[in-house]
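So, here's a batch of structures to check.
Look for chain A in each of the two complexes below; its partner is chain B in the first and chain C in the second.
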Partner chain A sequence: MSEFKIAQRETNNVSVLELKGYLDAHTAPKLEEAFTQLLTSQRYRIVVNCKDLSYISSAGLGVFMAYIEDVRKNAGDIKLTNMSPKVYNVFDLLGFPLLYEIFKDEGEAVRKFFEKGR
Partner chain B sequence: MVQVLVVAHGGTAHQNKHGTMRLRRILSLGGASILVLIVFTMDVIQKNVELDISGLWVIRNLLIIGATVLVFFFFELLKPQRDQNAVKKLGLLLIASVLMLLVGLVVTFVAQDGFDSKNYSLIPLGYDTLFLASFISILFGVFAILVFRLVRDLTMYKRKKGTQRNFLIFTVLLVVTSGATIGLKPLEKEVIVSILFGLAVTFAIVNSFRLSWIVYLTKREKIFSLVYGFFLFGAFIVLNIILQTGVVNKSLLYYSYPLSEFVSLVCVFGNIYFGMAFVSTLFHLPTAEAFDRKTSEVSSLHNLSKLITQVFDFGELVDTVTTMTLQVCEAKSCWLEIIHPPEEIHRQADLPGSSHVIAGQYHIQLVGMKNITRAEVDALLPAGEHTVRDEVLQERRPIVVDDVYHDKRFKREKKEKVSIGSLVVVPLVSHSGLVGILYATKDTDHSFFQDDVDVISAFADQATIAIENSRLIKTSLERERLTREMMLAQDMQKRLLPQSLPQYLTLQIDAISTPAFEVGGDYYDFVRLDERRLGIIVGDVSGKGVSAAFYMSEVKGIFQALSRMYPSPKEFMMKAHEALSSSIDKRSFISIIYAVLDTTTGELMLSRAGHCPMLLVSDNHIGYIRPAGMGLGLSNGEVFSQSIEEHTVQLRPGDICMFYTDGVTEARRGEDEFGYERLLDATVAVRKKHASEIKHEVLESVRTFTEHQANHDDLTLVVLKWCGKGQEN
Partner chain C sequence: MKPKTIHIESRTERLIAVREFISAAAREFGFSDEEVSKIALAVDEACTNIIKHAYQFDPGKKISITVKPAERAFEVVIHDNGKNFNPADVQAPDMKEYLSHYRKGGLGVYLMKTLMDKIEYNIRPGQTNEVRLVKYLPR
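Showing the complex of A and B:
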């Protein structure tokens, strides 16, 4: 079973988390940690790039639910991008597209923050 | 004399435990008394009637020797009841000696020399002299026996082979010397007796080197022994002088030459022995403290090694460790800090009075202290600053701070609050890493020496093992508790699933649910809404274990209650969301698929809340039915209600509806998933079979796909096959 990795970078004052591998109950705490860190350093504009995310379980989805409320309270958002069809299907089944903005491309998501900002 | 006898009898009477012992004591003492009385009678008669029987002296001496031996045995028989330590015995003997000395001095200086010497014999002039001589002789005889016994016991302490032999030689010489005088008149001298006496004294000196009892005394006892030894030595010198001169000497010689010889020899022995004891104690005194400490170290280490098995109460263990640390190095105060492994922090946090210090990657907790307060420790080693604590953590070896007051590692204003001269810090290191840190302090500076550090280190090793064991036991107990909890949850979950399947003529139903771990998050259920309609539900609670089982039971309650009230699946979903959203944790959610089947017409109404779509295998449609709808607990009621759709399907005979959880589609083989297509193909391939067989075959396909590896996720499958009216199962 391949592991789970997170790479973090900043583009135009937007924090981008790149997820790679399997996000399940075992690896979810890693993502939680990353979100907690962003929130404590008051970074609320978050884009999660799922390009290399090969699997997400319900526990993985729960992580997004745990932080979205706080992020939005602080005029920020979590936007999801670059999902493989398989991963998108998991999000879609649960109705996540109703709750999160999901983009094909990371740049699009980042731009969306500035449209709103203006 | 008679009075002495009575007192002695009184003494024995209440001590008796065994009849035979008592009898023997009475016999020995009674025998001795009778012998003494006979001798006394003889003396009185001789005083009045001039008897000139040559053997009379010998008979008289034999009687007195017999009496002495009997008294000796009388005291031997008392032995089991008297088990005092050496110093106490010395003290008692000192009292006896002083009394004897007083009696002796009074007799020497006050009493008249009432003896007439004639032809080497001593003849008492009056009855008073006769009485006095008898009394003094008996008194000294008994005293000599007591001294002999005491010195014998002391000499035999921790005896070796040679010890016993040397003392036996002395005893034989003592007996022979005394016995050799049996035929002598009181004022006669014999060279052989003098030689024997000299030999006996030589062996008395040899025996006087046996003083090993002194070594094992505590410092306090040694001081007492020193004082006693000194006074005993002095008392015996005077006693010996008295015994060799004046009235006492004459009285004893008159009474019995052998007894006089015995008393003299024993008193000389006592004199030498107590003199030696005094000198020896004097030499032992400087090392007494070190000896005391070594003794207490040994006993503390021994106690701690016993404690290793008593590790169920951690608080008690900590208390023992700190108490013993004080003991082994005579520290003023000490405290113990425990280092928690990072993964244990959240569990230990609820320990009483916990205060955590984080130094580097270590989480340190002060768990026990003696003669020092938490505030003082904090002042001495402030959290967040670089202290000796960090140094020990880094170097993992004991560190001694000789002068806390002038040490740069301690800040001046902080250390003034705590009166600590020197400090030793010892890490508790086990094979798995650092377990804790032990601190000990003394009032004065430069007070910890290398041997202190060695002792504390040795002690720390023992403590480490004890603490490690305690932790291991705690972990295993915890694991056991969790396992029990899991089994309970598993049991509860099994009972949440339907115990029997609903029976309809028009319908075949089968279902299975297998949890991945002990407790899963999958749920399925059926409810007869009325005589025609059947409610079917399949759900998946995010997360696993006990919390999942808890949510499941909630879902079951809601399903059983609401399904009958709201026959439309969409309405049911909305009400279920309402009921659940208040109690559900924000990172958890529940996905549900809910269908209502009219068992007379085959009309199926379907709603989905974030769950896997229903698979329909029908003549005119093979594929997934996926009405829109988001999971329960993800958002507020409005968004949820708007997302829910309802779908109606008209079933025809032979149609198959399959409900399942993501454990089926996400069953994995390496990177590959079983997926929707394989599920569809597997179902279509067996569509002609009975619902039970379909269930079995599909499950088998999944298992074959995963190569029978343990399933990664829970797996639930509910198969419905519509047979239609008039068709038998």
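Showing the complex of A and C:
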């Protein structure tokens, strides 16, 4: 069943992951795999576009927690964009907006990497 | 509305069926879309915990999820026969401390407590474990 998909592209030397569908304990390993590949190829500037993400559970949130430290140690960041109110509420319940930069628009997140050298 | 039950195998690909079952029942009970999403997420988290911790990903095991509607209370009762666990081990983390130390795991328990009005564990060693999640319809 294709309940979760990830499309990856590069823009201005920033890796963009577009998430689509349902991110739960069943599909979270796909996102882990995508992050592992990015880190293996030393790509630490990451934007996750959640425009078509319909659902997230703690298994999905745990993936962001698992990689953020390594990414930031390498002067990169994981920035999140285009969340539906439903998905944002789950991030918000856990206080994730304190730890992650969340933008309405993908372009804004990409530009942020070029401010102050980040 | 009558009680309803779904039986699933202990596999994460069945979580989508659990969410659909719970969402339909919660909607029928009268919850708003926002509340329906919260209840479905809490039940997903409870079942994920059972699959991961009680059954340790053994796909041959079974979980039953029953919806028991009362006057204003929407009660979801989940049964498993897995490794029993001490509810004291499933305390919600302190989120401030959690985020500042980039910790992993334990988020599901925190979410369940935040999303529902009441959660009770009834652990019966060697028999059936029971988790009850309750959400009240707003007045």
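For this structure, a couple of remarks:
In this section, the second predicted complex is superposed on the first by the 115 of 118 C-alpha atoms of A that agree within 3 Å, B and C clash if a C-alpha of one lies under 4 Å from a C-alpha of the other, contacts with A are read in each partner's own complex, and residues count from 1 in each chain.
Going forward, a residue touches a chain if its C-beta (ideal position, glycine included) is under 8 Å from a C-beta of that chain, and two chains touch if they have at least 3 such contacts.
Treat the numbers as computed from the prediction; the structure is a model and nothing was measured.
Clashing of chain B with chain C is the outcome of superposition onto chain A. Once chain A of one complex is fitted onto chain A of the other, the partner contacts of A:99 extend to both chain B and chain C.
In the superposed pair of complexes, A:54 makes contact with chain B only, with no contact to chain C. Contact with chain C, but none with chain B, is seen for A:26 once the two complexes are overlaid on the shared chain.
By the touch criterion stated above, A:3 is placed in contact with chain C alone, chain B being left untouched. Here chain B runs into chain C after the superposition, and of 59-67, 149-157, 203-211 or 653-661 the stretch doing so is 653-661. Judged by the document's definition of touching, chain A residues 25, 55, 57-59, 61-62, 65-66, 69, 86, 90, 93-96, 98-99 lie at the interface with chain B and also at the interface with chain C.
On the side of chain C, the complex with chain A involves touching residues 11-13, 15-16, 19, 34, 37, 41, 44-45, 48, 51-52, 95-96, 99, 102-105, 107-108, 110-111, 114-115. For chain A in complex with chain C, the touching residues are 1, 3, 22, 24-26, 55, 57-59, 61-62, 65-66, 68-69, 86, 89-90, 93-96, 98-99.
Only residues 521, 540, 542-544, 586-589, 591, 609-613, 628-631, 634-635, 639, 643, 662, 666, 671, 673, 713 of chain B touch chain A when the two sit together in their complex. Against chain B, the residues of chain A that register as touching in their complex are 2, 25, 54-55, 57-59, 61-63, 65-66, 69, 86, 90, 93-96, 98-99.
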